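In this document, chain identifiers A, B, C and D correspond to the written order of the chains, with residue numbering beginning at 1 in each.
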């Protein structure tokens, strides 16, 4: 099956190339970039010269849908909202890695993204692709809003305790740490080596566009409107996200009981690995893989639960989950092409 | 004035050497290490061969107090509790960078440090050397318990809001990120390059020995017993600590009002720099200096305050604050020898 | 086919686990460690708890050869020389990742390794497993001395120009830069995070045990005794080796001609990728993969050739080449299980 | 004495700010940036808000020379050639950190820099500010061409052996490794965090504009025209340069003899520290300081000398040497304000 990638030579694209290349049923069809049309992928990534031989082409919905069976959009915010309607018209399945179709409310979208929203029709049509949680809806969908990296780690870490009704829903705090590749390949002082190396910095306090995405999922699943405190930090590494999450518990309960509850919740989710008591995952332990590892600790002194979830932001937080969703949409086992172990060290 | 350093060739020692070397009134006297006696400092640090010419010597309270005017102890936990009594008997001033004399309760000490406590007499005598807060007591003291790196960043960040009585004292959560040099020069898998690089990991959840130290100061200053949730993370950098702290506010109040309150609190504290609204400090912005920079943000949606404080763990979190305390004990301006700007980038 | 790994939980072992796990014809049989026998692999690497379920066992040649079809030894220097004879007696194929069987001369071995050599009989029997160069010998062999990381990058980079007879054989200088994982998981100040991060250091000038291994191959292939200058540097990264090599040319020749010569030499070697003119590979461009990429530049002003070769030291420089050799020994395509693209960024 | 800085908020500027701030006789006067005029330094570097209070101003030779006593130019290539003539006319001393006045030949300049050269008159007038070598000329000069970072480390490392006449002058190879801060604060893919972290890459093979600068000094001092092979590499760190240099010796001579010769050569140069036999400096051992440390090793097997020199590229390789030159021009001890020890770790 041929997969088109829209998004030029960004980190989303190159990670899709890596994963599609080892997928047994997918192969790379078109690679699209309006701004880089005609450029060879290998001019940018010479180490991939034998892998992507086709030059980058301009967007053409007709040709794309004729020559490909599925489309991955790894475009900047505000781009896929223009392209997806044309593609859906051609009845080709779309998986959008940007944030354009993740929020159901166009008002919320414009509030946080600061530019105009896609048409409401498409916001309603899109299925939010948190693979473990919305498996059935994804199977039926033709348009997937692939989750953001932070919301993936956060929501996978919080949903079991939230659904258990043991959590004080007003108490949720998420302290997130991310590697720098999440900011993409576009040049910026906040991705400039000498500014980031040997440095830890917080950014976008109270303003990160992933806040409404997190809250939408938590509110949906809880049944109550949920507001969280969410703080993002850049740490000097390329790949990896850790979310350290704090939740007040409504009753006394042991760490082990919480772990049992999480293991039960994820018993059929191969990619979610709940760690045993006393064992907390590190980001490197999932690097290059599609796993989300979760560690749990109840502080008896404060009766507060700490949840720590880690993912590779470019895999489970982007291209890997996109492939997982493509697997579901095509009726394949969701692990297909995603069975690699983390690279360690 | 001659300053002895006890602690061999550890990172505490070498940072004391760097700072004493540029101090106008201090010079390096003896350098002590029982395990490395006879070794030349320059065998370990060849780039300091002209700076520390005296060989490492064994501990001898008589000789030390005759040849020096002040002693810095940068020893592992449990060592200075043996040495300090001998030194105090010789009436020489001691500044202990280890945790041995920081807790007033020997029970608490043994609970968290897992070995036997110093004699209570000395625990009572020691003054906790958080320079900005206990300036007067430090001036009168002969034994300083120099604060831990995390408690320095945490308490400097929390005390203004706590003393304002605007904080819900049960709600305090501290999410701390540290560079690896805080773990010292002793070999360990958790300081092994390939395990740490490109990795973020949490450690000692609910078990860190800095918890009672933080709580002792906060409880003292609040007047109420305070229990916190404190989570430590290693991030891949050598120097720097960031504490991201979350506090529920008891009433609505703007970020600017909180900033005013902090600026007021620290108006005479040169080393504490409260940032203006919208500006959050990064660890690199204090590297190599004795500053503690603080950023503040009130999330109006949750009425929760986020405090972010950063220090260089080896300077304000260890050797720098020790020099600052030595300045106070000797009646000098507390900035003496500590006026360097951060190294950036 | 079952593959045993001897070497406990070192980085060689865990990389073999990663690669065997995705190999279509190999699966992990026994994992051996005398010092860690009884330990679970997952106690050390909790993220692999579902992958290696068998506990580490002590070395037993009988049991090993009954339960496995091939043995990989990823042991410290001086260990496999004791174990391999027992295994060969059981007629099981051995691939030794240590340096024990790489030098043909026991005198040279003892000279450079500073402990006693394996029996000469085995030194003679072992085939040096530089896969691209000794493909036929490897296919027939039962004992492979898997090459060192530096010699792999160096010899693959130098052999084409050397065999062309265009090189001044006395002029060869190799300036090598390595990530830290090559030093393994054993604790040492030279792998201590705070000593390595933000640092570049040279080590073992003129004393590195890979010197005779490089010279043996170059001399064999040239027909003349070759002596090189070889300098190793640690750079602050986990994976990757770059060898920058300088060779005086005996006659004027263009960069393009040299590139043609290299492409010709490696035309059937899938893993060796010779870059076009003006394009020099970086270590990240092979990370996680079994590729060795080579860039070439003739400086017309000095008529000196610069060859730059890069590998992932744990893949093509260790476990990956070991799997490639296992493929050859078993009559499989040498790319089997090794087709992954580099992880970038 | 007031010092003006021309060069906005680049890394050269901020390092000058740091060093001038601790200099006993210098203080910051004007800070100039045509492109950022009106901006506050503290908007870019909030941690320096109390240090540089004056806003950035446009270039005005009259005002600058009235309000300042010396000018440091830390501008991009091609800028200072326009500004310096106006400043010299006002009889104010200039130290130019860019490459504009380093080459005496305008032809060579245009050849390597690819844009038009300053007027020959100024090229002739400028003194090359390699402080240890041209001390007397610097003392008399009004225009200093402050050396490049690579040429500083290279020439300080090569001059003693070259002047000894023991070197085969045709054999010189320089393999240089640099941290990323040398590339400045301007955005570029080659300074983009995710491209540089966990990566080592070579760049500008045979084309680096520091080649003619190195050769000019070596040829001047040797008396013969010297051509070198010079290869530059980026390694993943912010600060530090290591040059590993290879020189064939014309006769047999021991490492110790070479060390004696170097120590003799630099006996009055406080900042140049020649290491004893067996001891090779690492970049971290000079970080933040104005030292250049040199290690030496003769390989008896090839009779080739390896010289390893390390500097902090922003200090001895830029702002520190500029201050050292200002000291000389003003008749002060050349160590004034530069006595800090390296920051380690």
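Here is the rule we use: a contact is a pair of C-beta atoms (placed from the backbone, for glycine too) under 8 Å apart; a residue touches a chain by one contact, two chains touch by 3 or more.
On a predicted model such as this, the values are computed, not experimentally measured, just so you know.
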Pair joined by the larger number of C-beta contacts - B-D, A-D: B-D
Euclidean distance of C-alpha centroids - chain A vs chain D, Å: 45
Intercentroid distance (Cα basis), chain D paired with chain B, Å: 36
Overlap residues in chain B, where contacts from two or more other chains coincide: 11, 181, 194, 197-198, 236-239, 345
Graph class of chain-chain contacts, one of line, ring, star, complete, other: complete
List of chain C residues in touch with chain D within their complex: 170, 173, 175, 177, 179, 194-195, 197-203, 205-206, 227-229, 231, 233, 235-240, 242, 244, 246, 280, 282-284, 287, 295, 297, 299-302, 304, 306, 308, 310, 345
Chain A-touching residues of chain D, taken from the complex the two chains share: 11, 179-181, 185, 187-189, 191-194, 196-198, 236-238
Complex contacts: residues of chain A adjacent to chain C: 11, 14, 17-18, 21-22, 45-48, 50-51, 181, 197-198, 238-239, 273, 275-276, 279, 281, 285-286, 288, 291, 293, 339-345
